[in-house]
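Both of the next two complexes hold chain A, though its partner changes from chain B to chain C.
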Partner chain A sequence: MTPSATAQATTRRFVRADGPDKVTGSGRYTADLSLTGTLVAKFRYAQVSHARITKLDVSAARAMPGVFAVITDADVPDVRFGPMVQDRRLFARDVVRFEGEIVAAVAAVDAETAQRAVDAIVVEYSPLPIVNDVESALSPDSPLVHEDWADYGAPGVMVRNRNDASYASIAKGDVDKALAEADFVVRSHYESDGCHAAPIEPRAVVAQWEGNKVTIWTSTQVPFDARAGVCETLELPSSRVRIIVPHLGGGFGGKCGFHYEAHVAALARIAKRPVKLVFSRREEFLAPDKRREGIVYDFETGVKADGTIIARKARLVIDNGAYTADAGFFSQLAAMHALGPYKIPNVLSEAHLAYTNHQPSGSVRAPTAPQTCWALESHTDEVANKLGMDPVAFRKLNAVDSNVEGPSGQTYGEIGVQQCIDAATAAAGYGKPLADDEAIGVAIGWWPSFASASGAYIKIDGDGSGQIITGAQECGTGAVMTLRQLAADELGMQPEDFELVYQDTSAAPYDMGATGSQTLFNNGRAVIAAAGQIADQLRELAANKLEAAAADIVLADGMAHVAGSPDRGVAIAKLAATAANGELLIGHGSGPPPPAAKAVGNTCVGDIGMTAWRAPQFSCHAVRVRLDRETGVVRVLRVSTAHDSGTIINHTGAQGQVEGGVMMGIGQALTEGTKYDDQARQRNAALLEYKLQTCADAPPIDVQFVEIYTPDAGPRGAKSLAEAPNVATAAAIGNAIAKLVGSPVRRLPMTAERVWETINAGNAS
Partner chain B sequence: MSFTIAHTVDEALAAMAAGARAIAGGTDLVVGARHGKAALPGNLVAIDRLTELKSVTTTKDGVSIGALVTHHDIEMHPLLSTSYAGLADGSALVGSPSTRHIGTLGGNIMNASPAMDTGAPLAVMRAEIELRSVRGSRRVPIEELWTAPGKTSAQPDELCVAIHIPAPATRSNSAYVRLEYRRAMEIAVVGAAAFVALNDDGTIAALRVGLTAVSPTIFTGDLVGQIGRSVSDAAENAAKVSMEQATPISDVRASDSYRRHTVGVMARRAVEAAARRAAGETIAIPVNRAIGIGAAS
Partner chain C sequence: MSQAFESQSFNLNVNGVDYPVNVEMDRNLLSVIRTEIGLTGTKEGCDDCECGACMVLLDGQPVNSCSYLAVQAQGRAITTIEGVMTGDEMHPLQRNILEEGGVQCGFCTPGMILSAHALLERNAAPSEEEVRIGLSGNLCRCTGYTKIVAAVQRTAVELRS
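Moving on, here comes the complex of A and B:
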């Protein structure tokens, strides 16, 4: 479809199908489910960060009345798993490596009995040295988090060495020579703390066996991945495992990956009863192998006196935590973010993914990006300051542009990063006079779109209403909700004519899930293809009725009519009624994923395929803040954003994504960060001490889209959008603070106390 | 185990005499129990239906606030939000709108947290607490109520029925300022209240300062040494005294040095705001939003 043909379709606004359920409270979530005879599951956690298990005795717990199952590593198949590095088991064997590691699981008649049984499990440990710091984890004399790391299965491209679970580099040109030739070289060091996805719904899993088949209701973002995890760890074929996801109360990446579905299924099998697990908020903080990774950064950038960047070196150490989860590709992704959307001829960006005894890291909304963007963009302002250049002008000069080569050797098609800078800074009033103690910081960011196989069915019933049966998972973004619009547009119907049927892995075809901002990008293609099949059927039927050629039939406004003669038509509902007594209206779609992008001229080690980005998205955020100099408290007064995410299909949904991403970014910037004690245990695993932003904190947010039809991307020239709005906010806030303080706050989150310390350090020197 | 719903104060007192613990809004008691702070007491008496404890009445000495008056009621009350503005500042900062609709003044005081937001303003206003039991009634100056974190000098069978605040003299008023990292669902990292009375020439006639979350109980100081000084001098000195008197801890919310510094800042701002109000200026409730950080954009 051409860009102009989409214009009318994309302006439509509609209420998302799950909105009323969620707003009125009538929607049902996993924790709301009750099956006859359901038992309550609880886990026994390691509670220590690194130790050898010297004794594990569950006999007393098993003997307790009301306890139906107590299971450990001994009760499940001998499987080590992990999406990239196979370094994990369902239950700890011999060694525990973080406080939230599961040692045993209990199923009992009620929560109190289950807790008593958990407490009755005897576990004794002999302590092992704790790795609590990413940089020292890489030193040759650091204790190992995994003694047997070399024996673990992993893809051949991964470069691993002791506590370094994944090393990746991007190299282009001759960086040392270029640095030597630079007029100025600026070096910066930054650190970011880990933080959490913190969805409002703590996760829940219910499992029930019937014969040798198990049905699992679970609050996952990735149903098919969850199914694969159950199949792998419990050694079952996918035909015997069915995953159903009721309404999902948010995820933000934290509910990606495979979590506790297998534990609960294993309990249910042994207990011979349905079993339900519902996490407390504290468990939600401590246990999942998904939180945003802390990173330590060193940057070195060489510029010419005219402001052009000629070289950049970056070294990053990423906190992997105790297990690799899905973080194996983070090293190369972070290496890309450390270069940023800049045209730099000579680069060396290196990133290490270091095992520690922390909770494992994993894909939280735009993994590695917001914090690396924050560090890089703070550094970028430092470089501009060194040159005496306005930071926005410096970015305009050095940012990538259409048909220009980026830092990793990829040349982009038509992109809108320059327009984003102009639009966001204009909306923010950048350059205009500001009140005392106010400043505007600006940052640019980028994020890839991910292609994947994806499928959907559509059927139209005899009454002319239809169902979209999709493998895609709605995690709150509205991406699945927007599928109705795509189907409606293809068929000349209304979004409200369609019911969405999701998520049931036994009913719907595969989709990767609510991960990588990929839902609409890939499943949109599937739905359009499925709808296209039905459109062809409808045109055939209409052609017969109207005595015209099928190719001349237009589907619009609920009618099939002959092109050019709106009066010669028949209602689609009528055609559906005809089909209901003949060949049914059923469409299925998948379609080939768009081709991969290419990078030319770089030499990479540990290349995990992330140096070239398919349909990259660009953004600029300009944030006005006010600083309370006496306390270091920063208030965000206005956030002005501009995004190039290609064509925007659903403006209401897109705006919501940007607003949500910005709010998450403000939290990451100012208040959200995990604090560890000297035993590598989290000190603030609660919502009072881990401070999310609230509605009362939300500033006005300007949302603008630079809409560029993007070929080889998602439906109708769309790129992705879910993660991108989270990338540049913290960075822009950091740059605003740095202007007011006189130097950057070098640690994220830039808490009031850290800002105050930075002000004091400035006053002292 | 028992749960009594009291319909009269006497029923409540009888239940408490039999060992029951009062539960008003439950926002401390129940939420604390869910978080494992302390198990829910086995015997409870619900006092939330005692309408006689829900009114605000003016007396010849000042104002009497029933123990069950909620933070929301205080924030919105025409008299409290003007003449007793420091209390309204404190109540307006509690938790979220829902916490403020359920949480009561009596519960806040009797919970005796050093981080409570109404304690410092009530202390600088020299409030008295009326405690009643089957044995009779007594009044306690509020500063004598708190003995340690979570501990009061009230007997287990004593119900707090009212909080009495003396009427402020002319040209006097109060303010309460709290350090906030976000605008809702906060707990005081530090906070400070000030009561200021002004002489006709604008100098200080009386100055009392109360500090939140920097010592095991709310700290209050009567800064008689500031009488006759200018507001700005007195504010600076109040900041100094507050920093000296504070014995803050380091924890996950803030370091002791940051707390010590910021309590001085809060004290100075509280004195300044209270003095502006004493001079007749109206500053919207809560003063946190109207001054410095947190101001509307």
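Moving on, here comes the complex of A and C:
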């Protein structure tokens, strides 16, 4: 089924177009920009987790020499916003709900003056009771994080109740009856801490007004979303707001959503000067409404003695933090991950999204998935152990397969989960003898592909070179870079023939941005459609020149020639020169997204369409670890992966996504977790205390793809990829540790301290 | 309130060029390179010596310029990422990290290249483990390091032959 045209694209060695800028230091990131007269922005943060503002006086700060603007809630339109639940304002009004909430913003001539002005702002608080954990947040007598929650705008389908910002459930069959009939029932409890996206580039925003229009350069993953946020909160039409993203220094979801663009634009409007905000690393940890959510999990799984899973109950409580940001869909997504890619006839999976006085949660690389996969797959090994079955054999028996109904009632087409299990475990040497204190843990994971509208233009100039003008956003993955390959293959040209014009909302049509692993999946379709229009034009031109039918013209190797007669041809560059004096070569493309997937036979509460997944991706990770029993220190020795992400378009880029996703998963497994004090303030908001994995920690990583052409998906049968490799690593590490320790470490991250405590749990007396 | 430090005039030699600067005694080398000298290839990732994005070479030795006073760098040869090329020709490290796919977002890349440069200067034939330890002061969140390590090893082989 695979179209033959893909062969060239999939085997080509890929050097990214933005690479020379990046290796020579000439590439400009947002913080590298300077405009004449630029002021420095700084924020005054709440610094307390829950309190009523009793006094806010900025007059001393405003009076300071060198201070051009000091703004608060009183200086911006009266707008409450939020992608799903409208629970947030640009600046705190009356109440602050987490320590990183912005109370005021300053623009001044330099950083020192701005900081002095921030310090001169007088804020007095009356403390409110702090909600510091998710279970107590849901108790009927818990203090409310939002007194006015019932008045907030939200989609009617969302089920909200007091501190529960979103309840969702997936139900199928009769779970209680099936549990009663099961030969074994296993119950498990797990908890995971929140953690951070931690891109190496801290956020930066520069805003400049010219007349009544503002241009904002910003380190966002989602320029169109950022524009929509500015328009909504400052009450501007999109025709007056232009977002440009210079090179973006990583995102991992942390730079999704609309962040500080409106604050900086509002400062610049009042100051009548360009204003620049650059975050410190500490602000990166404390302020954004994007960090990976902590979750508490309870599982109950019923199996027959032959190993067949017949029932699962799951209850999850997700830490929403103080505002919902883009986390409104997390409860249903997490409920899906609590079921996992398994055939289960009877299910009840419930998830709550609990407001607390923590930093807000938001989409970080595969939101809810790695930690829920860790908990579920740890539980899965516990079930296999109870049966006395090998955990891999247990997964092979129960995992979904092609044309078999999954846990939410969706039946998938041809999928490769079984092949992924075989490939990953074979590469890891699963079942072969290991050294003392070594073990291999195995986990499987899944993740959807997200279909979205997306657009691009292409033009070919008279010299035969062209531009791809796309709304797509590059956050490092190389997905935008790969678009050149798609255009070149459609037109019989070379990727190097195309310049990319991207990350500018006023130049290009809409795209959802570097979010949901969707760039190539959706914008690839747009670029192919745009190239197709030009291909049609070239065929017409060539047909006239060669006295042949347009349908018989083939575009290849820079030539347009008659099919079957390679000698009867004309150079595409020559056709482009002809067109430059007549009808110009211009293509535009978007094309309808692939149809939505459907789940049948289940009952959902709070259904926002997350129980059926378009082009789901599957993975298996097998991880070999070594444990130092004296200290609890775990060393990851090798990670063997296999992924079904459909056709792989760019192997170099795809490998990089898997290697990076695995490394992030190792961090989540072992070192990355936010610690809170009793006042709900982060205790480790610095890279010294919040440890990312280094080059010396990194193990060898085997990368394998089970390439299955997937219809109704991305271009050439591709699914998405960037988030999926982050899903199963921590789970596999957890299962390896559990084998060595004899029981799972029940809290993520599985730090040396927690591993040691688990080893020594029986020796407490 | 922060103490105001006196300014001092001195020269900084960056990539073989002497730049006269007049900056406060407490200014770090990173901010002077970026804002006074105008070379923005050196990045700020944490201002805390933890990430390595601000790495430069001082007389060939890698230093986190966020935590090094500009005034201390007087009389020393400072190399930034902009000084690694020879004319228009990329250094093999730059070419190889690109060809191996060791660049994604690129924010850590300048510091990573300078660390690798210093490593290969002091050890022309590093083992994989020596490369990994040599680069462990430079955080990368994108790549998982695999392709960066491969690029450094490939460069070592090229430079020896």
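As a convention for this text, the second predicted complex is superposed on the first by the 755 of 765 C-alpha atoms of A that agree within 3 Å, B and C clash if a C-alpha of one lies under 4 Å from a C-alpha of the other, contacts with A are read in each partner's own complex, and residues count from 1 in each chain.
The rule we apply is simple: contacts are C-beta pairs under 8 Å (C-beta built on N, C-alpha and C of every residue); 3 or more make two chains touch, one makes a residue touch a chain.
A quick note: this is a predicted structure, and the numbers were derived from the prediction, not measured.
When chain B and chain C are set side by side, the one touching more residues of chain A is C.
Touch criterion not met for A:Asn320: it reaches neither chain B nor chain C. Of the two partner chains placed around the shared chain by superposition, neither chain B nor chain C is touched by A:Thr647. In the overlay built on the shared chain, the residue A:Met663 is in contact with chain C alone; chain B does not reach it. Contacts of A:Gln537 after superposition: neither chain B nor chain C is touched. Look at A:Ser517: by the touch rule set out above, it reaches neither chain B nor chain C. In the superposition on chain A, contact of A:Thr72 is made with neither chain B nor chain C. When the shared chain is aligned, chain C comes close enough to touch A:Gly478, but chain B does not. Applying the stated contact rule after C-alpha superposition, one finds that A:Thr694 touches each of chain B and chain C.
On chain A, the surface patch touched by chain B in one complex and by chain C in the other comprises residues 686-688, 694-697, 700.
Contacts from chain A toward chain B in the complex involve residues 626, 628, 630-631, 633, 635, 637-638, 670-671, 675, 683-684, 686-689, 691, 693-697, 699-700, 751-753, 756. In the complex of the two chains, the chain C residues touching chain A come out as 1-2, 34-35, 39-48, 50-51, 53, 80-82, 84-85, 90, 94-95, 97-99, 101, 103-110, 113, 131-133, 135-149. In the complex of the two chains, the chain A residues touching chain C come out as 13-16, 18-29, 31-32, 34, 112, 115-116, 119, 198-202, 247-252, 278, 280-281, 475-478, 652-653, 655-656, 658-664, 686-688, 692, 694-698, 700-701. Residue ranges on chain B touching chain A, taken from their complex, read 35, 96, 179-185, 187, 252-255, 258, 261-262, 265, 292-295, 297.
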